[in-house]
């Protein structure tokens, strides 16, 4: 297709960023808000057009005659050439996942832009200070995220990966006068940066041995790349197997190059997607404005890791080990996050941990995806869940934002029983909960069911494990729901101080997203997004997904979810001693969950005690006292010597003559030595 | 002689000196300074265009715009000038920083003498970059060193006398080794019986320095330049020197002078003694590898803004030498990019620090905070500088570091790999200390109530800052132009060390 | 005998004429005309200098008196260099000589000075030890009188005593050495000695070499024969000190070279090369080490001049035309730099009588031009470009390394490291003048016309001698014509 | 018995050493001056003897001796003059007292 639209998709947010960033402070708040929102709206429309053309135009550059979706590079400009082959290009790669992500990102982003118009001002309509800055940063983020998903080569991805991190840093630290926000943003940046180190090294390894950065080459050319090119057919599992059989990958630091590369790259993904043990930044990131949390830390940026793995999926297929690592990390994280979520008080943190656990779901399903099982069902499921999760998690966050905006606090203890005050929020939140809990026919049900099916196909153990997690999810979400909306309120609200629903700018996005969450499950993802472009079904209609369900799995997971919800209802519908009982039953466990298993403390210890205390400070001391001291020492010694030998110049002629004679003798000695 | 374009890089500063000598008041001094620095910038751009045009016309000589004028007949010392992409890049860098520096020191007291010394210094810098004759090169090198003493000593702050003396003596100590090795090179510059020469191009063509002599001369040469390149453990002049120097001097010194070190390292040491460069690189690789992480780590716990920046300079310049020692086209290109980028962003840093210090009268980050609210322009500038320094894409730092890493990774042996990864780690540590200082200095609540009524940047400060930010962003956004400009120099045919590697 | 050979000595003779004219003027002119003595002397000497530049040179080697006396372009050149120095000294001295207390003796000052210069001429041109000895003594004995010139200052006399006693002692040692040389070779002609001694080696030769070299080393104030220097420089009147520090040093250095290469040339590689290494290292290092602590400017410059002598010696190490040229060039530059420094010191001393380094604190605030010339002088002495000192140092190191052995690299490295120390103490002066926060000790004053002239000349020299390559080139051409190094084995 | 060259050289050497010793040990400057004279005269003897015994045909040594004597005389005169000056100023001619300038 013509590169015009794609270029605008990338250029418009950037332009918005520059305009609002440079001249925003001269604009009126309203103007800035409208400008930003409009810009994002246009971008969204264009993104829809692009995605639509990709999926449904059926033009030969997107889909070949036997219906396989192709990767097509719309444009690709050289940006920086390291060598003749290693060239960083800025381009626009259109394939199922990037098209999907385009839709997701622009939609959520637009919603958030719209929502923020209402959110970023208090009840008296006074604008948040730095409102324009906020929109500038939002545009910057959108630009970076879009650039990330359409990256044609891994280095472009890395570039935007960093930019995303930076914009997230700026947005988390938006309330920069709040020390907690500052430290949170710092934490987020540094942790992800650390992960990116792995990513970078992975890129270096991979690119060195393949001699290229381009994804298309990665996926069509073997890792021995430069030396002997394996023209392998990755579209069939046999092709992959043969390839692994025939190509002894070169060894790097004891392991196969490919393993190292993929594991390290996955480390980058772990950082962004907040997998254990690099998850600690995400809960703190909730210090940022809630729309930001919705956009960045629920829907888009945090799934970048999933996207990365999906993007390199063909390579991962070559390394069983790497995929297993992905699975294990994902599974553990999922369970851990769900546990923690059950005990948190701050509603945003509950959502944050649920985000972590949901992303872990995607990771797991990528990890278990195998070509031979339903054409890599896991891959599709992950993308599907990414899509649905983005929608309902954004919804939940925006609802939370509404609540916080109304109450002015993050604790459910201050909320209790808001349903009669904020009906719209109540309904939409409920929809979100049902969706994430996986209740048919809400979006979450389908995607999660696909995932569980995929896991089931791979290993029964992980299946049970993940089902449990699914149950926990349903439990803690409804716990939250009840604690916020039901339970009897402590203080009576009356008058116009009473919490009430929001202006339309905030309500509209909630409604829209709620609707999407209701229907998104029916999108026939199987025909749109698969790892090798093969459609899964011959023909699609509205009920394809229903028809495709593996009811044995589906019914079980549904049952689990319902049971969990019932438990939650029993425990939290109205104030009762049960929760306390449970807490006292396993105090240790509860403590650990409440303190998030003390990960933060551990990190504090490592950074402050070990890195600062045991490395930096000693080095600084060493520099000042040893290195510097040695230099000063030289000068000191010279001075001392000069002082010590001053006696020679005693002013007494006879001593002078003594020394003179001594010199003569010395000369004589030298002469004698040289002569004889 | 004056038909050659390059010679004006020395002539203009000299004219400026004369101009300062006759200046009556500060306004005339400023006029001369600004006019001169603009001229220099224009000249460097002109040279750049000239160079590109010649290359486009298919001129494949190593150096272009060459000129040679006999100076000391008996010793065959010539005033020989010539430029390639690298030197042009350096010239542009220097002229930009001189420009920004003269605005940054708009309100300096006793401006006349200050600018005289400053311009004398930059005369040395420009002369060094244009000359291809070892003697003149060395002469300009030392011309650039000495004014530092008075600039720091007279206009500096803090323990200025001590720092100025230490800086001068250490740098001169380096140049002592340098002088010896240069003379040594001269006496082996040509095969037995033929005319000895100081001209580096001829020397490298003759390639008549025996390996044994290379082993003897290379370390001295490399250390000699390395001292100025702040190579561990000879970097200790840098923190004190920078901390005590006035703003413009820190800018010029960290921005340009430290680059003389790296430039000399490859232009003289490695270019003329390729064999030794290849065989002995590992020693210095260890040292520079150390200084990369060492500087970064010690920057983490500093509390004085300038110390933080000085140590980060140690780390970044260590990266430059590190890349140079990797001896392959990509890494060396990256090294030069790093020189450019570090030069610009560290100048930006020092400019901003100087401006902040001029307002708060302290550089201790524990005593400052929340400045972003009070002086947003400077605050934003500082954040941008920080982002550049921790390698944010779109700013110069990223490009340079990535080029270096990719280049260094071309070595397949364990040793190089390990050190490359160690160097990579510095990007994390950099992030740590940059964000630490940004968080403490700009964000959070206002520490000192007196800071509340500080005023934001004046127009000349804005000009100087914007100039630097724009150039940083320019390199970051269009790196390919600069890289292609530089890479030519490091083709294995020209740069024998790479050929041997 | 053929009196025409006196023509070979035309520079000496011209100098004698100048001396006689000054003497007659001083003796027979009416008292009121004596005020012009300085003017007359300076003018005469100026004329003489110009003359000897234009007509004083000779085409090739010319020898007289059976080879006792030899002149050549090099000799003419070094004599001219000395003339320039002396001229500057004379100009600088004017205001001191005409001060109320000294003016009765102003004639003597000039006469003694000219006589010593004549002695140095002889030292330079002598190819026979007798003539050399006469030159040496007539260069050193009158100096003792000049050192004692300040009758009212005790230091002046103490300095004179120290100078004379040690000088006579060293010349006694020197003559003893000569007697052994004579005993071994049966001649005092340099060439004959070189031929007779051949490469024989016995105890007497050891003693002879040690004694002779030490004797000349004393004049050059090489460590460990240097101890008189500091005291004498400090005690002597500043114009004398400056004369002592540059002119006699330059002459002695040249003569030293001539003797070593002409008379003992064949021992070059096996004996005195190593002697020189030892002497050079000791001289440079000890000179620097002592200079670090000095508070009195004149004493400080004394030690600095000791280490400078070490650098001058490096020119001999090279032992070829290049080295000779480098050495002469170094002497020329050194004359200008040191005289600039002494000019400032003298000006301040005449006006305020202050010579301590602490008195110079904040000088730049009150007397910027004096401080500026002082700074230039210091930079030049320290060898900082673009001032002449840098070039001379560079060339002398180059010429030394030309000799090529690894040992010489180490020697030069030591010398270079010493330049750092020297840079330190030279910078101390600059620091005192520009950086030190104390209130200025010396109020603003206008130095006399002659002092200003001399400062202008020296500063110009410091700036131009290096950058304008003409000087070095012409010196090198002169040096390359000299066939001094025939005997080097 | 027949006088070989050594019969002359050894005394002159002794004289020289005595001179050196005296110069180093005697505190009175006049005495030191005398020791100097001893040294110089030893040199003269050396020259004469060498000339007479080894190179009888020539006169170089003799001439040198003559000049040396003259020089010695000049030195002594000058030295005494200066010592008198010192005495006039500081009332002492003890060598240990002329050490005002040191270090």
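Per-chain residue numbering starts at 1, and chain names A, B, C and D are given in the order in which the chains are listed.
Rule of thumb we're sticking to: a residue touches a chain if its C-beta (ideal position, glycine included) is under 8 Å from a C-beta of that chain, and two chains touch if they have at least 3 such contacts.
Because the structure is a prediction, the values reported are computed rather than measured.
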Chain whose averaged C-alpha position falls nearest the assembly-wide average: B
Separation of chain A from chain B, taking each centre as the mean of its C-alpha atoms, in whole Å: 38
CA centroid of chain C to CA centroid of chain D, Å: 27
Whole-Å separation of chain centres (CA-atom averages), chain B against chain C: 42
Length of the line joining the C-alpha centres of chain B and chain D, rounded to whole Å: 65
Residue list for chain C, restricted to those that touch at least two other chains: 161-162, 165, 169, 173, 230-231, 293, 424
Residues within chain A bordering two or more other chains: 635, 646, 649, 651, 653, 657
Per-residue overlap in chain D, given as positions that touch at least 2 other chains: 23, 32, 98-103
Chains grouped in pairs wherever the two touch, ordered by label: A-B, A-C, A-D, B-C, C-D
Chain B - residues contacting chain C, complex: 71-75, 77, 135, 138-140, 142-143, 146, 149-150, 153-154, 160-161, 164-165, 168-169, 172-173, 176-177, 179-180, 183-184, 186-187, 216
Contacting residues of chain C [partner chain D, same complex]: 129-130, 133-134, 137, 141, 144-145, 148, 151, 154-155, 157-162, 164-165, 168-169, 171-173, 175-176, 178-180, 182-183, 186-188, 230-231, 234-235, 293, 299
Contact footprint of chain A on chain D as seen in their complex: 20, 23-25, 32, 95-96, 98-103
Footprint of chain B on chain C - complex, ascending: 322, 325, 379, 384-386, 390, 394-395, 397-398, 401-402, 404, 406, 409, 412-413, 416-417, 419-420, 423-424, 427, 430-431, 434-436, 469, 472-473, 476, 480
Interfacial residue positions of chain C with respect to chain A in the complex: 161-162, 165-166, 169-170, 173, 201, 205-207, 209-211, 213-214, 217-218, 223-225, 227-228, 230-231, 270-272, 274-275, 278, 286, 289-290, 292-293, 421, 424
